[in-house]
Every structure is written in structure tokens, then in C-alpha cells.
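After this come two complexes, each holding subunit A, first together with subunit B and then together with subunit C.
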Partner chain A sequence: MSTTGISKRRVVIAVARKDLTIEWNSRILVNQVAPFAAIVMVLFAFALDNDGILQRVAPGLVWLATLFSMLVVIQRSFTVESADGALDALRVAGVDMGAIFMGKTIALMVQLFVLELMLVATAVILYGVEMTLAGFCEAIVTLVVATIGLGSVGTLYGGLAAGARGRETLLPLLLLPAVAPVLIGATRATEAAFGSGGTTVSEGWPWIGLLLVFAVLFSAVGTVAFGPLVDE
Partner chain B sequence: MAKTSGTGTSATRRLGIVVILMLATLALCGLWFSAEDVVQGSTVRIMYIHVPSIWTAYIAFGLAALCSGVYLSGKNRSLAWDRVAGASGEIGVLFVAVSLVTGSMWGRLTWGTYWVWDARLTSTAFLFITYVGYLAVRQLGGTHRQRARRSSVLALLAILEIPLVHFSVTLWRSLHQEASVANPNAKVELDGLMLFSLFLGLVAFTMLFVWLVLHRQRAMMLEDAFSDRGLDVAITARRNEAGA
Partner chain C sequence: MDTVIELSGVVAVLGQFPALAGVDLSVQCGEIVLLQGPNGAGKTSLLRVCAGLMPIERGTGHVLGIDLATNREAIRSRVGLLGHANGLYLDLTVMQNLQFWASTVAATASEVSTAMSTMRIDGRLADVKASQLSAGQRRRCALASLIVRRAEIWLLDEPHAGLDAAGRDELDALLRSAVASGATVVLASHERDRALDLATRTVTIDGGGAA
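Up next, the complex of A and B:
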């Protein structure tokens, strides 16, 4: 497929900007997804009901809440596309599917990153997590690298489930097993950043390595596989 | 219409008979002739099902990925490749389930617990869920070509995912204390007949897999033909309505 006259980079930027503009105008992330994520964090506190345990498991809860909220954001990202056949229109117009994938991934990553920052702040406030400056830097790096991985794999499977019957139930089934490495890596790295359970900041970096491998792999594979997955 | 009796041919019927005989021999060897284990007693007999079923599942997923790769790479994209991949995937899921169930029974008897958070067990559970997802994608609907393309890409993605999940789960376990109940890698000393039974199990299950795949992919071919025919009939009916 060729992008006649338009460079791939411009397609990527246009798609990302379009998604973010839709989000900005509808405020779904701020008005619906973020409150959902916050209530999940509060419910975790009800379920575990112990300050010591909460501080210990706070990193895992942050990432679980991220994954649950991510499902909602991805559904939303592709409902926009499939509702009026926008994705089909782009395909017929000969737009490079890899570029669309990158554009949508970037938009998803921006939204996820905002959400994660909010969740980390919630953990600090609600669960009494304390962070050093080095821990804070590590947490930010973890967020960035994990978000790249989550954004790529999320867009890939989101595109597959888009437009299909029963996609609301299919997406979690496909996505959650695939993101298990991110949950493991990001939780351990965040534990090190938070210092939960007596871990030190330096223990987190190998896990960030794992996240990096995941991010590189799935952003590369996603660019190639998105077109065939989305359809013929 | 030609007289048909299911999805079998004379070759698959012969294969079926051999498989039944081999499974019967396996049951006799496994349950009767082979000795009890010194430590585990009769529970060791679960091995003759447990090990062959996970072995078959690996073959099945490997074959599914291979056929998917051939489907995607070939110029002449025959749907037969997709059907073999789909049949393999289904049967692979079945055998992983058998292996997980027999494994947790075995675990309950020897380690005292149905489940330990061991790396191998955890990643096998992920393997199971991933391919359940693959089967769900095959049911998504659309044309046969759409199904073939989607599921082929997914089968290749799954093959990519599984080592990554396994690697990260292993890393995750390495930081936690080892399962204290038992070491699942404990060596089981096998005598001649036990080894023979295990080997027979591997061969019998592999042949059972081949037999099942042959039938399943033919059933899938009939399903595809049926839905194509249904579509043709519907189109003709509409044309007639329009013409009338």
C-alpha cells in the first residue's frame, strides 16, 4: 500500500492528533475513565483493608487498575473508528496501515500515561506510599517504557477486536494474557521505585529492561501485523 | 449425492483402529503391567497421560503456527492451511486442558496441593488462555478469508508471546521463594517398562492427534462449504424475489 503524496510521518501525526482531539472534545478519559480507575483503587483498599498490605501491594494495584482502565480506553479508541467505517475508508484511500497503527498507538500512549500518573498520585495519597527522588525518576521511566508496550499491544488487539460481534468480551481475553509480562515487569520496577517491601531503587532497572524488550518487540510487530489483523 | 459416512476415509479408519489399539495397550501398560514408583506409588501412572498430552499440545500449537505461516506467506492461499491450523489449535487447547487437569491431580497427590506458582505451571496456564483466545477469534465471523487471515496472524503472535510470558514468569518466580511443597522437576527414576509406557503414550497421543486433526479439518471444510452454499441459496432466493 502506498500513501500517495503524504509522508508516513504526516499520517502518524494526523491520526494521533485526530484521536487526541476527539478525546479532548468528548472528555471521556477525564469524566469517565479516570473516575473509574480511581474507584477501582478505592475498592482495592476496601478489599485489602490494611495499611501495611496496601503499601506493600500498591505497585501491583496501580498496574492492575491501569490494565482495567486501558481496556475501556481501547474500546473507545476503536468504537470511534468502526462506528462509521472510518478505518475502512482509510484503507480504501490507500493509507498505510502501519502509519495508522503508530498514530493510534501514540494517542493511546498519551492517554494511558496521563491515567498512570493519576494512579501513581492516587497510590501516594490513598495508600501512603513514599518515594525518594531516585525512586521518582525510576517510576517515570517505568511509566514511559511500560506505556509504549501497553500502547502497542493494546492497539494491535484493539484493532483485531474492532467491529466484531462481542468485542467487549473478546478484547480482555486476548489482551490480558499478552500483557502479563508488562504487569510483572512494571509491578516489580514500581515496587523498587516505591521501595515497597524493602526493595531498593537499583533492583528495578533489570525489570525496566524487560519492559523495553516488550515495547520494542510489540511496536515493531504491531506495525507489520496491524494491517493483516484489521482486515483484508 | 455421493454416499458418505462422516469425515473418515479408509486410511483414517485404519489409523483410528491403530490408535485405539495403542491406547488400549497404553492403558494396560500404564495401569497394570508397569511398576509402582518407589516414592510416589501408583500416582506415578498419571505421568502416562500427563506428559504425552502436553507434548501433543506443543506439537499442535507448533503445527498451527507453521500452517498459519504457510497460509500467510504463500501466493496461492489455500484455506486448507487455515483449517489445519484451526483444527490443531482446537485439539491443542483440549490437550493442554487435559495436561493441566491431570497435572493438578498429580500435584494434589504428591505435593498436597492442586496448584503451585511455579514458572512452568503458570506459563502453561497462560498458554491455555492464549489459545482459548485464538479459538474465540476464529469464531468472530466474517468471510472465511477474513477468519483465516486474522487467526493466522494471531497464531504467529501467540508463538511470539509465549516465550516472552514464559521468560517473564520465570524471572518473576526467581525472586520469590521456591515452592516449598515440592520441586516439580524432581527426577523420577524410570525402569524399562515405565519408560516404554511413557514412550508408547507419546506415540499414541501423537497419532491420536493426527487422527483428530484429519477429521476436524474435514468437518471444518464441510462447515465452510455449508455456509458458502447457504449464502448462494440466499442470494438466489433474493434474485428470484426481485425477478418475480
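Up next, the complex of A and C:
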């Protein structure tokens, strides 16, 4: 039976569900990644140890903690594929690689979004960040759009590094420079949402526009390039 | 019987080195063909060519009527290649692994159930994580995924590796059962005596050519 005859959407859903089931079975996000992210936030608080500074830099700390945690989640996402040759088996079976990319991206986005919500809540509790209703809405939009970008670029680079020797160190080297625009855009948009340093909510929307461009660009590039990159 | 694999003078290159040097091979539906030859003779390359994973440089080849030179990617979804790895998700249960494969090819729940009972991984084993299975049980789970995927040709590279004597007996019985159900098997194995008992025909690969 040809998988080319199967709708792409069906494969996307199957891959996303599979990755989320693996997370549900193993609880790596809950038991390891989330505590790691929380510890990073606490260490930032110890290092800066000043409420005024913490409130000012909270948006940047939230996104830095997200990026560090994302590295762990992506490594995990591709370790499960390579542990017993599963990704190879999918490739050999002719399963649409673009659909695999999209499925893995969706699963990564769901996990990142949960993590980001937890980090924002930590910033509110630990750093004393306050938000208006408009700021809260802008923060949610920022999380959603930035997560699409991070999920796409993370899956693309995760797939690229998966077959390489020294992938554990290669992934951060490749990924962190590539997501710099997301770090900048998301931090500025979140600053506006938090009202850090006297910024207003309206100042965040142009940055969200930048995040949207990044998300669309890498979603499209990833869907096309993931297969050839993994094949290589 | 229908010819499912027909290769004539096939040359394939791996990097800069010839992996296959003018292979002729014809396999009929329902056969169990054993590829034998020393390490590096080209057995794995031949299996990969038949799976549509490796391009051919010269010669002509058809698998299930599909031209290897022009449309080899279309072959991938109709054959099952099982190498040293099993292609399982170790944090998923047996059932979840097979349900995942089923969802990629729109196989039904009853097909999954049939595959599991054929490979004797139903009942208690269905809810066991793949990481907790023995080598033989993982192999059976991988073979069940080939059934779920409705692979018409099973290309098996060292299928007996890692199995104990009982597991090897079981695997042989399962392959005979698969062939009885309409599949064709091409395998490379260093378990010569065992594989000779299993195979309906042997093909010797030497220096990249078949004899």
C-alpha cells in the first residue's frame, strides 16, 4: 500500500500523536525539562538578585530559558527516532518526509508552549512581573507565534544534526545563531506585554510581525528541505 | 508465478566504489531467496537497490513492475527492508508502535490485530514497551510492522542476528507463514545452514556480481 496515496494530513497527525504519546509514556518534559527550566529561572534570580533588574530583564530570561530547554527537547525528539532506527525505517518505507517534519514540529510546539506558559508563570511569581489584560493577550500571541518559529527551525536543525557525529554539541552550535531573530523579536514583544522599562503594549506588535515572518519562512523551508537533509 | 524482481546487468556505486558489478537476478512471487557471499560482497547493497534506496548506474531493473532507473522511490512503500535495527520506538508499547505504522498506511485495527497474532506479540505483550522486549520479541514486532504496512517483498538483512536458537526457529516459521500468505522474501544471512533450510533458492554474490 503506497503511503503516497495516504493523505499527508493523516501522516502529520500520526507523527504528532506518536511523539506526544512518547512524551506521555516517558514524562521527560514533566520530570526533567520543566524542572531544568525552573532551575535556570531560579539561578537567574540568584545571579541578578535585584527586583528592579529582574522585572526589567524578565522577558529575556524567559526566552533564554526557553531556548536552553528547547535544546533538550529537540535532542530527545530525535534520540527516540535514532535509538532503534525508526526514522530510517520511515524513510525506507517512503513515508512523506514533509509530513514527518510537520508532525514532529507540531509535537515540539505543543511541548514548548506548555514550557513557555510555565516559564511566564514563574516570571510572574518569582520576579514580580505584572501584566494588564491587553499585555496578557499580547504575551499569549507572542508565545504562539514564537513557538511556531522555534518548533519549525528546531525540527529542521534537529533532523540535520540527528545523523551527524557529535550531534549533542553540533545542535546548539547550529541552532542558537539561527533562532537569534526569534530571541530578539520575542523578547521585545514580551517586554511590551510585561510593560518592562516603560514600554507600551502597542510597541510589541511590530515584533510579533517579525516573528510571524520567521515562522512562515522556516515552516515552508523545513517542509521542503527536511527530507533531503535527513537523506544526506 | 509472477516475477517480482528482475535485474539485468545492474551496476550500483557506493561513494566511489562499485557495490554491485553487473548483477542479474530474477525472483518469483512466493520464493524465499537466500543471498550468500562473504562480507563486502554486495548483499546489503543488493537489498538496498531492491528497496529503491540505492540508484543503479547501469543495467536495467524492475521491482514489482516499477522501473528502478526512473521511479525507484515508488517502490519504497511496497517493499519492507529490515536491517540490523528494528525501526521501533522504544518508549511506545508494541500496540502503539503498530498503531503508528498502521496510521501511516491507513491500515485497519483488525489488520493490526492480525499482524500481532501472526507474530505472537498479542495478549500480554501488546502493552509492553518495546524497550522491555527481548531481542526476539523486538524482531517479531518489526516483522509485524511489515505485515501492517502490507509489504509485498520482505528484504531482510541478517534477520537471525541477535536471536537465540528458539527465536531463530520461530522466525523461520514466521517467514514461511508470511510466504504462505503471499509475501516474497529475499534475505542475507550468515546463518548458512539454517538459511539454506529456509530458502527455496540461493543466489551467490561475489565481488558485486550474482551467480
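As a working rule, the second predicted complex is superposed on the first by the 226 of 232 C-alpha atoms of A that agree within 3 Å, B and C clash if a C-alpha of one lies under 4 Å from a C-alpha of the other, contacts with A are read in each partner's own complex, and residues count from 1 in each chain.
The working rule: a contact is a pair of C-beta atoms (placed from the backbone, for glycine too) under 8 Å apart; a residue touches a chain by one contact, two chains touch by 3 or more.
Everything numeric in this text was worked out from a predicted model, so none of it was measured.
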Clash-or-fit label for the pair subunit B, subunit C on subunit A: fit
Touched partner set for A:Ala83, first subunit B, second subunit C, both or neither: second
Which of subunit B and subunit C A:Leu160 touches, first, second, both or neither: first
Subunit B versus subunit C as contact partner of A:Phe214, first or second or both or neither: first
Partner chain(s) touched by A:Pro177 [first = subunit B, second = subunit C, both, neither]: first
Partner chain in contact with A:Ile22 - subunit B first, subunit C second, else both or neither: second
Which of subunit B and subunit C A:Gly185 touches, first, second, both or neither: first
Smallest separation in angstrom, by C-alpha atoms, between subunit B and subunit C in the superposition: 6
Contacts on subunit A seen with subunit B and repeated with subunit C across the two complexes: none
In the complex, subunit A residues that touch subunit B: 156, 160, 164-165, 170, 173-174, 176-178, 180-181, 184-185, 188, 207, 210, 213-214, 217, 221, 225, 228-229, 231-232
In the complex with subunit A, residue positions of subunit C that touch it: 51-53, 73-78, 80-81, 83-93, 96, 100, 103-107, 129-130, 138, 145, 149-150
Residues of subunit A defined as touching subunit C within the complex: 1-4, 6, 10-11, 13-14, 17-18, 21-22, 25-26, 80, 83-86, 88-90, 92-95
Interfacial residue positions of subunit B with respect to subunit A in the complex: 72, 126, 129-130, 132-133, 136-137, 140-142, 145-146, 149-150, 152-154, 156-157, 160-161, 164-165, 167-169, 171-172, 175
